[in-house]
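In the two complexes below, chain A is the common chain; its partner is chain B in one and chain C in the other.
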Partner chain A sequence: MSLKIETRFGRIRVERRVGYGRLYSISMTLLSLALAFLVVALILASLGLDPVKAFQVIFGVFMKPSLLLESIKQSIPICLAALGLSIAFKMNFWNIGAEGQIYMGMIASTGIVLLHAYYGFFHEWMVMPLMFLASFLLGGAWCLIPGALKARLGVNEILPTLMLNYVAILIVDFLVHGPWRDPKGYGFPLSIPFPEYTKLNIVLGEPAYTGLLFSILGAAAVFFLLEYTKLGFEIKVVGQSPAVARYAGIRVRSTILLGSFLAGGLAGIGGLSIVSGIIGRLRPGASPGYGYTAIIVAALAGLNPWVTVAVSIFFGGLITAGGALQMSMGIPKAAAQMIQAVIFLMILVGEFIKRYRIVIERPGASER
Partner chain B sequence: MIEWIESVLGLTIQVGTVYLLASLGEIYAERSGVLNLGLEGIMVMGAALSFIFTLAYGHLVAILVSVVTGILMSLILAVMAVYMRLNQTVTGLALTMLGLGLSGFLASPEVRKVMLLALNPLLPESLLAIQEAPKLPEIHVPLLSGIPIIGCFFRQNVLVYVSYIAAPLMWFILFKTRPGLSLRSVGENPAAADAMGINVFRVRCVATMISGGFAGLAGAYLFLGFQPFWREGLTAGKGFIALSLVILSTWNPLRAILGAYLFGGVEVIQYRLQLFGLGALSPYLLTMLPYLVAIAALVAVSIESVRKRIGVPASLGIPYSREE
Partner chain C sequence: MEKLVELRGIVKRFPGVVANDRVDFELRRGEVHALLGENGAGKTTLMNILYGLYKPDEGEIYVRGKRVELRSPRDAISLGIGMVHQNFRLVESHTVLENIILGLREDGLRIDFEKHRRRIIELSERYGWKIDPMARIWQLSAGEKQQVELLKILYRGAEILILDEPTSVLTVQETRRLFEALRRMAREGKGIIFITHKLNEVMEVSDRVTVMRRGRVVITKETRETTKAELANYMIGRPIVFGQKKASAQLGAVVLKVIDLKVLGDRGYPAVNGVSLEVRRGEILGIAGVSGNGQVELAEAIAGLRKPLAGRILLNGVDATGMDAGKMIELGVAYIPPEGNKLGIVPGFRVVDNLFLKAYRYPPYSNKLLLNWGKMLEKARELIEEFGIVTPSALSRASSLSGGNIQRLILARELSGIIGGIPRLIVAAYPTKGLDIGATEFVHDLLLRYKEMGSGIIFISEDLEELLLLSDRIAVMSGGRIRGVLAREEADAEKIGLLMSEAVVQAG
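After this line comes the complex of A and B, so read on.
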């Protein structure tokens, strides 16, 4: 046993729990969520802010239809990026670069819109499919850089994916301050507003429903990939043990390249959903950290594609609540980010509690 | 000409010190086998708290608070990654997110005002709303600061001098003393270290806390010693660059000095190019330079380390458990 503390009351030790049910697992996750909100309440209360009122605002988001719709809208980029991350994480590829891949997806879709608007390339009906294709390709390519560095040179992917986030954000800054600035935008760093036929509102004319459809389609695709295809199987084997994968004749390098490309591509489509579904144009800081939130979502959903859709909506709600908290209580918007981080930490602690249990041995009970 | 070199070199040292302080501690954590990816979050918390506490109580208290906060935050990581054996990447990332969120929350004008009044009710109204704090004063070392060119090493603030002393001292402790040997052995082969009677968990916990303390100090320096103007997320990935620097320095505190000034130099070149008209092209493209150099450094080191098989601590990132 690695952790053993002798106390006056006996010996406290930590034991690995052998096997646990799904119900137990879910209840532990809910318990850690509750703990997270308790911690947040303590932080708010210590600064003289009323936690009860704050929670009323946060959970009120899910009760009011207009805010719920907004939450679903906010959840789309998170969900798509998190779906991509579940592929990457299953492969043991620590892609922390979903944020950058989202930004590249936004660049690609805006680029297509501008090509059409400025130069009249493509028919109107071709613009939307091309936006999807371009954002998938560019997002994928952005993740392929660290993927290739890992597969070819053995560079650990964590830091390159992180660095590329900052680079992607700066490329967007460059574009909207320079070549892509709207000539009629009074000098503000914004692209031209997207025309109606490039908006993500095929279903009932509402981006939230359309996006939800795409989230569910994405979840189905990832589920199918991971459960029913050869590539999905290879991804999982590579993730568990590259040595075993190599022994089994799996081409580890190509699997890493392909897996990272798919992961980035999904995040890229997440980027499309921001510019064409949420904002309707490209602007600096268009993603308030959706790519980082996606990491928390993927972890909380246990890399399960279907659960990811639901968890994303919860986090979309938290982001929406951030705005509501600011308006109704003057709590700064960063509070939403803080709450997310606390939830993340508590879920991780919950993972530990799930896997281990604390045993107290009374003196004399086991010894003597 | 000499004046120009001095100003560039002086600025390089000022920027480089951020990286140096952060990477010195991280070297200890990684040498013991713990990747502290929370560096960025701890630094930004250090910056935010040094901002608030400087306004309330002055520089000394602010620096101490930043260091202590860094140690406490990394204690969270140590408990979760060392004792609970949770994934270090994910845990560190969670800590970074916590730091970014909490610092933005605490230093936002609304909350900051509440905090400042609670800390020091006598504070004048004018200090409650400002976005900046007084910078750390420069200390000129007599005689040495008069030497041309090299003199700029000795016209810096107190935390830069701390980094001059800390780097060789940290090298000495790591490579020439018994505790340093224990720390390295825990990172190379925890099971063997355990068999030798070294408490693997305690060593890793302490090493992680050292990295947190230095990261807090780096954050305080970044704000008070370099740019005492608060904006949310002002570290802008400097913690992650410091992490790449640790790899570039092959986990050696003395090489970290060179690496830190290299990255400092890259950033200064970028400022200078912006001044010379090249910035008219776009400041945003130039700002990418440090991140791209960091990636290039990681690639270069990986090629080098494959060739020479140099020193990644063998158990880096792997939680230790006696059961397995």
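After this line comes the complex of A and C, so read on.
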């Protein structure tokens, strides 16, 4: 990226930094966080709230075990979706549709649970594996639609992936208002609550631990795929240049199909982690935008799977902090979201400044 | 004679290299001054400093005797310095006129297009160019685009002109026209700096020549007091042999047979229009012709990158028509693409990744699913050694390699046999374009070596000299057809030129 703005006073230029130290990187992140908290403090003060107390709540999220567990729980769908996105983005496949793929994953998991609960299909022990399989397949299939459009017809993936989000969200609405509504739910648009053996709590009976395990397994899988498999190599070549990939004899179309399927599949399992780990049933709006947050996470993590896990937990913490602020201080929901947004924004700007340098040059030739 | 430019003791360091090391250079009024050197010798860096794109770490710049400091190209332009870069910087969808007056500040709010149009026509006629100011850039040939670039800087009254390898995109005729215009500009009292690595051009157009090697100036001389051999010696630091190279190889069985092939070009009309040819084991078939006459499309069809419209491709007697690139690779076709730095490598990948861009999927470098990095790295280190690729390590990014080294990397990948033995057919499209003498020699020697080992080779080039040097037979291509095939003994530049022009008459 290079950008130049000419002004009367000189030229403002944005340059990529050639390389920067770790210390610089960390201190920039801390600085942008500090700035974020400063802005947040101003917002809170203007609302007549005590910033110090609010910060105690926000930091408390990362100190108090129960809230930390909640943060990790919130991070699971974000992390799995972001891992999928790192595959897609490596392939230069701009999947904006992780949100929709998450919803399809929720539908698939819920479908398996209902098949078992209503019709008695499968043994109890088979339900959980089948939920994984189904959510992976359906999430993958959802991403395969724009993937196939791109591979076959050369359709740009951004709009189809984005628009399929709304379709998926509306399908969930339809199901919980209609055929999948809990008969004992007093007419609320909710599925039946999931039975205990379909909950994501196989590790120490705690969804956060179980989910963290899956996040780490997912990161390992994505890392392994990209670094050590033929498919991973092909995905990266296609992402760098489809023309070179063709020249190298790589089947570009099948690579795009497989890559987009895997990306959607991981987001689908992210959907499973919501219904089976966080909420315990299907309801409208079950994902408050995890799929979009995942885009930011994948980008901030530089598409590195291991970093993705850590960044996801931080963002999970911010979501948890929003909830905690609402409850303990009566801060309105919108204000809590605004605080999150300010922090996102500052980190993004900080990352930008980390990678680029802004140069101002004075105009005019000087003859000495 | 008045000195237009004087550079004294210029030093420019980049991380890890000294691109310019205490360089002195001067340009006089009324001369064409060639700046000669291999890729990476520091020519372009030096000129970017004179054009205000880089700031020198040390040294002084004098323009017309006055010391100046250049902070940006704008400063350079205001001092009458203009530069034509290797790749053009024009807005493709705009007209010639719009491109030329872009950024000009002489008009106020209203632009007097008619005035500019007249002045542009006047200016271009002065140099014997026929440029329509209202034509859009994308409609122009490379030669015409270059004329627009020159007009752009002349229009701003530049008298110090820097041309960075201006002939690399031109045909023989266009080159000749450019040289005439440059001589004319010199007679008018302008000073021209002509960056090149081609010795012929130095001898043909320049008054003086400065040779650079590894960031330093080796010598500055009057062109008429020197010879090609002497310049080559200065340039690469050792003598070079000009003349014919012979590699005797028994011609064997037919490797490739192309029958009445038709291939669509990017614009949707047939770029290859009924080509038939044959290559035997141990034979180099040269394909001559001005580029853009179907050579690349022919090469891509044989490499499996373009589906033929009609006709047949037989490899070792097996019908390979319409097979994809993967299949062709498995049948032993090596393809050295034109503009290797674009199509031949992934710049963001490491050297080892690029070396195994094709071979990664075959044993022993991978099994059904997994890559074997250990094997690949080990082999990559061997190839780096064997093909003389200059790189810090196998794990460095390919983008940090020079053009010559990128070509060596591509050759190593295609020819070394990591994909399953020595290639049966090598399709080399402009393999030496843009390379310096040393690297060009390397490519020539390598092709001859594979000829001796029994590969059939299709060698596409625009450079008649190297075609005559290497080929056993030369096919002349134009307008998507083969206009004639000459054996090496009977071929000469005149006959080849004749075949090309006959075709033009037929086509015209």
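List of remarks:
Keep this in mind: the second predicted complex is superposed on the first by the 280 of 368 C-alpha atoms of A that agree within 3 Å, B and C clash if a C-alpha of one lies under 4 Å from a C-alpha of the other, contacts with A are read in each partner's own complex, and residues count from 1 in each chain.
As a working rule, a residue touches a chain if its C-beta (ideal position, glycine included) is under 8 Å from a C-beta of that chain, and two chains touch if they have at least 3 such contacts.
What you see is a predicted model; the values in this text were computed from it and never measured.
Within the superposed three-chain model, A:216 lies out of touch with both chain B and chain C [touch as defined at top]. When both complexes are overlaid on chain A, the residue A:203 reaches neither chain B nor chain C.
In the superposition on chain A, A:160 contacts chain B only, with no contact to chain C. When chain A is checked against chain B and against chain C, the one touching more of its residues turns out to be B. Contacts of A:68 after superposition on the shared chain: neither chain B nor chain C is touched. Contact with neither chain B nor chain C is seen for A:41 once the two complexes are overlaid on the shared chain. Looking at the shared chain after the overlay, A:240 reaches chain C, while chain B stays out of its contact range. Within the superposed three-chain model, A:170 lies in touch with chain B and out of touch with chain C [touch as defined at top]. Across the complex, chain B meets chain A through its residues 37, 76, 80, 83-87, 89-91, 93-95, 97-98, 100-105, 108-111, 114-115, 201, 232, 236-237, 240-241, 243-244, 247, 282, 284-285, 287-288, 291-292, 294-295, 298-299, 302-303, 306, 320-323.
Here chain C touches chain A in the complex through residues 15, 66-72, 74-76, 78-79, 303-305, 324-329, 335, 337, 343-346, 348-349, 353, 357-358, 360-361, 366, 369-371, 373, going by the rule given at the top.
The part of chain A that touches chain B in the complex is made up of residues 1-3, 16, 43, 47-48, 94, 96, 149, 153-156, 158-160, 162-167, 170-171, 173-174, 177-178, 292, 295-296, 299, 330-332, 334-342, 344-345, 348-349, 351-352, 356. Every residue of chain A that touches chain C in the complex is listed here, in rising order: 11, 18, 228-231, 233, 236-237, 240-241, 243-244, 246-251, 361-368.
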